[in-house]
Amino acid sequence: MSTTTPAWERVQLARKADRPHSLDYVNALINGFVELHGDRRHSDDPAMIAGIGAFNGRTVMAIGHQKGSNTRENLDRNFGMPNPDGYRKALRIFRHAEKFGFPLICFIDTPAADPGLGSEERGQATAIAENLLALASLRVPSVGVVIGEGGSGGALAISVTDRLLMLENAVYAVASPEACAAILWKDSNAAPQAAEALKLTAQDLKRFGIIDEIVPEPEPAHDASDATIQRTGEAIERHLGEIEAIADRPAGIDRLLELRYEKYRGIGAWVDEQEELIGELPVGVPGTSTPESTSD
Amino acid sequence: MPDFFRRKPTFNREDVSAEDGPVVPDGLWVKCQKCKDLVYSKDFERWFRVCPKCDFHARLSASQRIEYVLDSGSFEEWDRGIVTSDPLEFSANGDVYREKVKSTTRKAGQPEALVTGRGRIRGYDAAVAVTEFRFLGASMGSAFGEKFARVVERAVDQRLPFISISNSGGARMHESTFSLMQMAKTTAALSRLGEHKLPHISVLTDPCYGGVTASYAMVADVIIAEPGAMVGFAGPRVIEQITRQKLPDGFQTAEFLLEHGMIDMISRRSELPGTLSLLLLHYADAFLGRHQPGYAMSGQSRNGEAR
Amino acid sequence: MSTTTPAWERVQLARKADRPHSLDYVNALINGFVELHGDRRHSDDPAMIAGIGAFNGRTVMAIGHQKGSNTRENLDRNFGMPNPDGYRKALRIFRHAEKFGFPLICFIDTPAADPGLGSEERGQATAIAENLLALASLRVPSVGVVIGEGGSGGALAISVTDRLLMLENAVYAVASPEACAAILWKDSNAAPQAAEALKLTAQDLKRFGIIDEIVPEPEPAHDASDATIQRTGEAIERHLGEIEAIADRPAGIDRLLELRYEKYRGIGAWVDEQEELIGELPVGVPGTSTPESTSD
Amino acid sequence: MPDFFRRKPTFNREDVSAEDGPVVPDGLWVKCQKCKDLVYSKDFERWFRVCPKCDFHARLSASQRIEYVLDSGSFEEWDRGIVTSDPLEFSANGDVYREKVKSTTRKAGQPEALVTGRGRIRGYDAAVAVTEFRFLGASMGSAFGEKFARVVERAVDQRLPFISISNSGGARMHESTFSLMQMAKTTAALSRLGEHKLPHISVLTDPCYGGVTASYAMVADVIIAEPGAMVGFAGPRVIEQITRQKLPDGFQTAEFLLEHGMIDMISRRSELPGTLSLLLLHYADAFLGRHQPGYAMSGQSRNGEAR
């Protein structure tokens, strides 16, 4: 089994500790950024940052997963894995943006939602699901950017936006290659193969129509932080400008919500077979379950 | 509202397989998976495949569930022909997804992990979506998501309340990001349902994890779980592996979720049709408008217990 | 100091353990009541009950503080003192009622909001405040009934309704007589005097215009539970019918919200003195604080 | 945005009373309430009555607060004439409320526990409400509530953002249910403010409890607390008495609240005008509409740090 694959190399790049993280983008792109804290329920989750500021002359609200740049920071930030309080802070900010009509910019960079005991007790699944529901009908324009690792439902919970962008070396998948390899290959050393099979690169996802644009990294982001952030800001501005133009028309927000609905409604790959091909199978036939699936 | 003897399920002994429920040592007795006691098989069936001794709720297939919950003969299936088209051309370690779907279709007796349609519960019309765990652990892929979105959209068109009955092992790896995006797609559909004042009632059954709980199943207007059902985001083994935390007794059971405020109630399988029909009666006020005694009466005359 | 006063006797009646409590009202008045549980955040608080059912032919949502009828039940129900999770369960039910257009009926019966460590950690003040804000603009008709003890902010958090009724032997005050006596008399034995001074009876509050109707108790509720509940149901129906008649007109909900705003906006007793009487006092004059006040 | 030396507060030594801040042993030095160190009184004043050694934020009167936060001379007071009318004719143990109000008015230098009006913060207009703790512990009575509702309503009329700066010992017993109902009245007013996309920024100062925290102060769009401020629902003594629980170190401090997700940030007193003006600039987009460079510029030219 080969020890690496092109997709696996992307995974390594996406995870680089010195790659710029959400606060780097926010501090560089959003003028007068004021960080807002807390879920008003239980805690302030350092793995999820949020705030308000001026992006190219208009007020926006920004949200992002926050990884650290070293082990100490990562321990403080729980490696960018939010607990339910983090998702509920995000939810509060969604509603805040909606109340005031501020566009929403989301920076996606997490290996996964936190899988701990406390997270289960406080409803990690519920928290993520409520965010998906809120984003689907949020009455403000929204742009998301996968800047590093887009891991599973924990990433999705802040990425259901009008436009979804992705850095050239970012990845986005339903599960980590390691988890996928452990389940389907019964061998976590098969992660490079799993990464390839999961089609998790920006190029794949652009081809599938799941993302709207790839932000190029002529040099990898960890070697060219400022240039990458600037290029990302330009891409956000271009997309935000386009959807604001829609939103600013009469009943424009309703139109925006329709377009957002169609965008996510349209994602999927299925066929509608003729009934005779599938056959009307008898109910209650015997069978055994094959639970080849993860729990994240 | 106990109602054990009203209907007789008509499943064969062969349904009772090692993984899906009690083992059948001979023609007359089944062995309960939990308490290991032997139960007379006719009793077991009359009790909706719930152990009369320890209350263990054995796993059901989608079609068994539909038979148990919906009024006899009322189910009209929708979109049975929708199947996955394998967007990633996925194979893992020589296992080809496309082939796996074919073989699992045969084994599960269903062409996808979700069965959708409309039917009646004690006379009340509803759109329904029921998972089939034997189909790849009822993981949510593209076809699952498409069928879900369609049944919800049709519920809006036909002004039907919506009931989902779920279990799931998690996400369907084989469709990766397509699979992930079905979480967005299914909840987006629900946001439209809500705008039309149509309720979503979610029934969680054992086991219910991952993409399904972190999307449509946990944002219902009323959430009901079966006793003892395991429900969570990450599975207990994953949590123990990653965090090295010792998990408490009863962790992620329906009872644990009720205590932690995540679900509205626990309903025994035999009581589920009564609970659902009562809720449908109450919510009808919202989507049919107030002062619709005809609708309420039709429900009342059928089950006689609502008001 | 006299050992009792008329107001203090009312307090004793209002607190009687065999007086009907919220679930007694709900089960008797609301057909097919289905109790709904949980805040979807942290726990299910047994001190606050909530659910859906049919009240005289229309679907309503009901919420109530829940005391026990004996010590064991009271320990389970925390003596009817909700924690933040209880208030957040109520908030969820408010929003649920609003989503579906169901009228809201609230049964008020608590000595106070829970004053424990966990309640402070999870934001008791925040939880109560958010409920007040939500109720002020909730787009469905609402009726509240003080059935026993209306204690402070913990009671108010589910009582900001279009119509507020009160049983003849119920009480409602900013603090318990005991707490008031301890602070202002420096002697908790002065509770009977404090009860009198706090003007906490239904008769006082009707006179002040704070409540809309007194539900008579020809026999005290604990001696005539069924009759009291029935009479309460009739009063709720009368008021609910009146406000539904307003709400059912075109733009009726907006009118209802205006009336609700005016109702609470109008409560208070103040005068607008001539400027010369008050005097333009110098800023920053020395002075000492006199914090004669409670922290609940 | 440290800005300690921009303005010089002009308070007299006499302001510094035993209960409200550091003790003044002589004309030149004040003793910090917390670290007990002696601080040169001019430093203490230049540092906004914050101890330069231990960062203790001494309690301020309403008028001191207004001087510290608002641009010099910009404050226009509203509704100063509104005073309580003693609806219960309250007396406790011989203490007559009506008399108490008179004497406390003289002592506090304010006729109520709330001072309202409009002013500018680094050039940005805002409606403001500031509590006066020396007036019956800044408890919320009828006149307090009426003044609060009026300033919020006038903010709506004049399209002004709203800033409340609060401390409070709790409810005002002497007006009982009238006092309680001010919690409903003040939050109801805020719900109207929100409908007009006008922000409410709440500043919590030491100590802030009871009716004020359980109403308007905790439902702001942005909540800021001063370092070390004690903020809660029930006071620590009440909690210990009732529950016999040992309270942890730092319980109910601003830092505790931040950790528990209840506030957005802690802002040192010297930084408060900068933080507030920056927020006012950002929120102006909502209530003035986008693309109003004139407004933004006016702020920019005045403080030069917003963008």
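Each chain carries a letter (A, B, C and D) given by its place in the written order, and its residues are counted from 1.
The rule is short, and it goes like this: contacts are C-beta pairs under 8 Å (C-beta built on N, C-alpha and C of every residue); 3 or more make two chains touch, one makes a residue touch a chain.
Computed from a predicted structure; not experimentally measured.
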item	value
Separation of mean Cα positions, chain D and chain A [Å, integer]	40
Chain B-chain D separation of Cα centroids, rounded to whole Å	53
CA centroid of chain A to CA centroid of chain C, Å	43
Residues within chain C bordering two or more other chains	40-42, 121-123, 126, 130
Where chain B touches two or more other chains at once, by residue number	260-262
Overall pattern in which the protein chains touch one another (line/ring/star/complete/other)	other
All pairs of touching chains, each written as two labels joined by a dash	A-B, A-C, A-D, B-C, C-D
Chain C-facing residues of chain B, complex	194, 197, 199, 221-222, 258-265, 275, 278-279, 281-286, 290-291, 293, 296, 305-307
Contacting residues of chain B [partner chain A, same complex]	11-12, 14-15, 17-20, 59, 61, 63-64, 66-67, 79-88, 90-93, 95, 100, 104-105, 107-111, 133-134, 136-137, 139, 142-143, 145-146, 149, 168-173, 175-185, 187-192, 195, 209-211, 213-219, 231-235, 238-239, 242-243, 245, 247-248, 251-252, 260-262
Residue ranges of chain A touching chain C (in the complex, touch as defined)	40-42, 84, 88, 121-123, 126, 130
Chain B contact footprint on chain C (complex, rising order)	31-32, 34-45, 52-54, 57-59, 85, 89, 96, 99-102
Interfacial residue positions of chain C with respect to chain D in the complex	113, 115-117, 119-126, 128-130, 132-133, 135-137, 152-153, 156-157, 160, 172-175, 180, 183-186, 190, 193-194, 197-200, 205, 208, 210, 260-261, 264-265, 267-275, 277-278, 280-296
